[in-house]
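Each of the next two complexes has subunit A plus one other chain: subunit B in the first, subunit C in the second.
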Partner chain A sequence: MMSAVDFLAWVRGPMFNIALIIFIFGVIVRLLEMLLIGRKPDYSEARESAFAGGVRTIFRRFMPADTGTLQRSTTVIFAGYVFHIGFFIVLLLFVPHILLIKDTLGIQWAGLPTPIIDAATVMTLLALLVLLINRLVNPILRFLSTFQDYLIWLLVFLPVLTGYMAFHHFIQPYQLVLALHILSVELLMIVFPFTKLMHTFTLFFARWYNGAIAGRKGVKA
Partner chain B sequence: MSTATFERGYAAFKEQIDSPIAAFFNSCVHCGMCAEACLFYTETGDPKYTPIHKLEPLRKVWYQEYTLLGRLTSLLGLTERLTDADLAEWKHLIYDSCTLCGRCSVVCPVGNDLVYMIRKAREGMVAAGHSPEGQIGAAKRAVIIGSPMGVQFVTLQAQIKHAEKTTGLTIPIDQTGVEFLVVLSSMEIINYPEYLEAIAKIMHQADKTWTLCSSAFEATNTGIQIGSSDIARQLVNRIVEAAENLRVKTVISPECGHAYTVLRWEGPNLIGRPYRFKVRHIIEVLDEFRAGGKLKTEGFEEARLTFHDPCQLVRRGGVIEQPRKLLGMVARNFVEMEDAGKMNWCCGGGGGVSAIDEAEELRTKVFNRKKIQLEKLKVDTLVTACANCRIILEEGLEAYEMDLPVVGLTEMIAEHLVEDK
Partner chain C sequence: MSDKTIGDSLREQGISRRGFLKFCATTASLLALPPAMIPQIAYALENTPRQSVIWLSFQECTGCTESLTRSHAPTIEGLIFDHISLDYHHTLQAAAGSAAERAREEAMKKNHGKYLLIVDGSIPTGNPGYSTIAGISNLDMLKEVAAGAAAIVAIGTCAAFGGLPKAAPNPTGAMSVSDLITDKPIINVPGCPPIPIVMTAVIAHFITFGKLPQLDNLNRPMAFYGQNIHDRCYRRPFYEKGLFANTFDDEGAKKGWCLYKLGCKGPTTYNACATTKWNDGVSFPIESGHGCLGCSEPQFWDGGSFYKPLSVPTIKVHDVMAYTAIAGAAVGLTVGGLNAMKKTNAVKQHETVTIDDLERK
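Up next, the complex of A and B:
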């Protein structure tokens, strides 16, 4: 039987490297397989710059298209914002995470005080619960959702939950819960390239294409 | 058309997939927001009308053919492969319940251009033999006779004579070296002859040279609606040849949204090179005349009126301000519809849906959206700039027992032209 300390050493060492390699190579391969398909040139006379349109849409889609959209999709939009913002705050501004990034990449920045991180974690968990319930009760989402949607929900929820539990020492020994936290992140990294989590990167391309197609026509998409 | 088979369809789907489509499928997070943007969902409450769901066949092909994981799993027999039965089932979703209005494409938070994909998915459907009868018939008529509604040049000639009589002006045919080539939609030839008269009067007042062409008078392009690039190319080529032979500077697209989309945006890509002429929608041309002081009107409409934005003109075409400026010349009592402009709701009959008999009931149902918009405004007249919208609006209003005249913007302007310049 592996002790908690050994387990922690394993998830921090070999397992982390495996996950990181799968993540990085997976993402690169997936992006290449997308970009290498290519696209046909557009010979129509442009009304406005496609490039400017692409850039504009990358930014514009951070906001809902109009108030009607906001009204019709309120839950998804609000819970979606809270989840994404909370998740990135916790991921990028929690001091131990920053130290890890510094060790791996050599860059660092200032973190936020832990009570704020704590609050952001709770908000993120709540937002994720709202999103799950919404997925289960909203007729469109229940219809659209596949096994992957629920799996990804779980794989995103677990790192946040275990992180919260580790921070508050809910499980003893501490090494065990920390190891579980790291393992849950590694699982997320491994499935990332092969699932809808890829939208983290591909949405910039999607928005750019959409905005460029519309921009040629003089439409602010 | 060569015989349609599932294999051909599959190959066509495969050929349509490009980097944008891969980016779109990779990015979808199943948030459901596109459904709320689509009138086929909002007016029926049926989730099967969610735009991204309409693209399942295309997604399957993308996954199987263009992702390593998909290839691997389908080799091992672990992926559900696309079947002919899928396509038969999706016909209703890809044709009857999508007007190519493009609202979903403007709303998707990750930026998916869903209508771009639906347009391309139709190419696969045609090749696999799963496009609607009504549209196939219209497309065949368009290729053989020259017009989807079966209009022949003699029909137009009769109209030309009539228009010449009422206006006292000559309507030029096959003139070379003029500035404008005017093309019409079949709807205009059959149902709205006023349009041709309006053009004659406006061109006369603006002192512009123009012509109709006996071999290319019809701009409605069923190829694009059914999703067949082959047919679309044949139809658009007639106009390209005519315009380049007659050496016109600009081809004027009629008050027909899809005709504009094909001529202006898809045409050069269908023939694989840029045009040697420009394409403008009649509303753009009128607005240029207005800006140049060449459009002089008198008097104002007294009626309280509003403007229905044709999807292909605003969201898919970028012509948003022009109709408003033109209306400003002739209407004092103009009010905007809710969501006007870029976000306007479709009439329910675009994208070839108006040619599908089986879709009529659904189309009438989703017209409810327009009904609600119009009821809020309490207008006396509805103006639009697309003959197809106009027919659908008239039919919808009749079905909902609403008494509201629908007018084409070009004709409205023509009625206010200062006479005897």
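Up next, the complex of A and C:
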């Protein structure tokens, strides 16, 4: 059987390589494929700037939707924000994560003290649980949910959970829980390009296209 | 085993009863034993004949022996070390060559099934000629001596896990003791080198209870290796606050901030350094300003750079990333091109149908 030390060496070495290759290759191919489809030229006279419309929509849609939508989907919107913000705090502001980014991409920034990261982790986990329960309880959402929705939930939940467990040394030896954490992230990287996780990038194009089309027509979208 | 007990020889050295009991108490607390065990330890040490020990050194640097013998005299661990019957240790003993080997064979015969075998250094399994003693290959000698041992103590990371000689590409085919001997109780006391008192405490435990202390999943004594360096590190508050030394001579380093960014392996290392410390409790590596190397863990030579943080991959990723990005771009552009061609063809093949055409049919 593989020891915890071998396991950690494997996820920090060969397995990281595999995940990285699939992630980068998949994301680039899929983005290029989508972007190169392009759009039909619009020959009408522009009423207003498409560019301004596109940029406006990219940012405006970070704001909660209109009150009608807000009332109808309060749980999803609220828990969704908590999850996304918490996830990015943990991912981008925990010092060991920043060091990984520095080592791979060469850029770095300041991190946060661990108690704040810890709190953000708990919030993220709770928000994810709320979102899952809501998906299971709400009949319409449940009807619309596919296998992929549950798979992605799990693959996003696991890195946060194992990260929390690693930080608190919930499993001994530490090498084992650290390796599980890294492996869970690698699984996420591997499925990323082929699932709805691509919305991390595509949401900007989608908003841009929507905003630009409307902007050109002079519609305040 | 000689007939003199440890108690006898301690008394001969002028150690008072009080001093002796103090040693027993220290040993008990080091081994995380309840105070009620102190009299038992004292009784056993006083009345047990000196334990016969055969010490085999294979592919090693003598650092482990150095660590033990240079422990500050006259420490208690030094004393107990004097009072075991070290029947064979080819670095320390005066005899050499065939005389030394005779001493080993005699001790083995006299104490068959009862002697303690201590091994330091890894065992080459490639060409036996990589390391021999008196013409006997390390592997043969280990097997021969292990056969009559009551238990084996693998001292140092090389004997316990293969250590430096086993580091990739492992030219000698180095292996650890437990890779080769599976039918004897083995206790691993890893470290490069291990803390002297850890070894003496293990021997004291063996003499007192006639068996090895409680071990962890890597066969290390729990009492010492149950502790995680990062959990016991006095720099830990700085880690939590996000205060790190970025170089070995910046402000952070001078203020004693956490060494994680400089590659400290404390979080993945289990050893007693942060509490027992070194050189008579003076200090330990992190206290003297250098990150922990993780020397008491398997594969510590192959676990990535000593100076890179624990959270970064152990491989060089930049080339892989660049080539993958190029390949991804090439495939993406090709797929995009094929899609565009499909679209152009579709447009080309599109036949415009007029009302007249439809009416004609």
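General remarks:
The rule is short, and it goes like this: the second predicted complex is superposed on the first by the 221 of 221 C-alpha atoms of A that agree within 3 Å, B and C clash if a C-alpha of one lies under 4 Å from a C-alpha of the other, contacts with A are read in each partner's own complex, and residues count from 1 in each chain.
Note that contacts are C-beta pairs under 8 Å (C-beta built on N, C-alpha and C of every residue); 3 or more make two chains touch, one makes a residue touch a chain.
Quick caveat: nothing in here was measured; it's all calculated off a predicted structure.
Under the clash rule set out above, the superposition-derived model of subunit A with subunit B and subunit C shows the two partners fitting side by side. After superposition on chain A, the vertex angle at the CA centre of subunit A, spanning the CA centres of subunit B and subunit C, is 170 degrees to the nearest 10.
Using the contact criterion defined above for the overlaid structures, shared-chain residue A:70 touches neither subunit B nor subunit C, since it reaches no partner. Legend: residue contacts after superposition of the two complexes on their common chain; A:169 is shown touching subunit C, with no touch to subunit B. Residue contacts after overlaying the shared chain place A:33 against subunit B and subunit C alike. Touch criterion met: A:6 reaches subunit C, while subunit B stays clear of it. In the overlay built on the shared chain, the residue A:111 is in contact with subunit C alone; subunit B does not reach it.
With both structures placed on the common chain, the touch criterion links A:136 to neither subunit B nor subunit C. Touch counts on subunit A: comparing subunit C and subunit B, the chain ahead is B.
When both complexes are overlaid on chain A, the residue A:149 reaches subunit B alone and has no touch with subunit C. Look at A:97: by the touch rule set out above, it reaches subunit C but stays clear of subunit B.
This overlay, made by fitting chain A, leaves subunit B and subunit C with a least C-alpha separation of 7 Å.
Contacts of subunit A with subunit B, set against its contacts with subunit C after fitting on chain A, overlap at residues 29-30, 33, 35-37. Those residues of subunit C whose C-beta lies close enough to touch subunit A in the complex are 216-218, 228, 230-231, 239-242, 244, 260-261, 267-268, 270, 297-299, 302-304, 308-315, 317-318, 320-321, 324-325, 327-329, 331-333, 335-337, 339-340. Within the complex formed with subunit A, the residues of subunit B that make contact are 17-20, 22-24, 26-33, 35-37, 41-42, 45, 47-48, 50, 52-53, 66-69, 105-113, 116, 264-269, 272-275, 278-279, 314-318, 338-339, 342-343. Residue ranges of subunit A in contact with subunit C, taken from their complex: 3-6, 8-9, 12-14, 16-17, 20-21, 24-33, 35-37, 95-97, 99-100, 103-104, 110-115, 169, 173-175, 178. In the complex of the two chains, the subunit A residues touching subunit B come out as 29-30, 33-45, 47-48, 57-58, 61, 64-66, 68-69, 72-73, 76-77, 80, 138-146, 149, 194, 196, 198-199, 202-203, 205-211, 213-214, 216-221.
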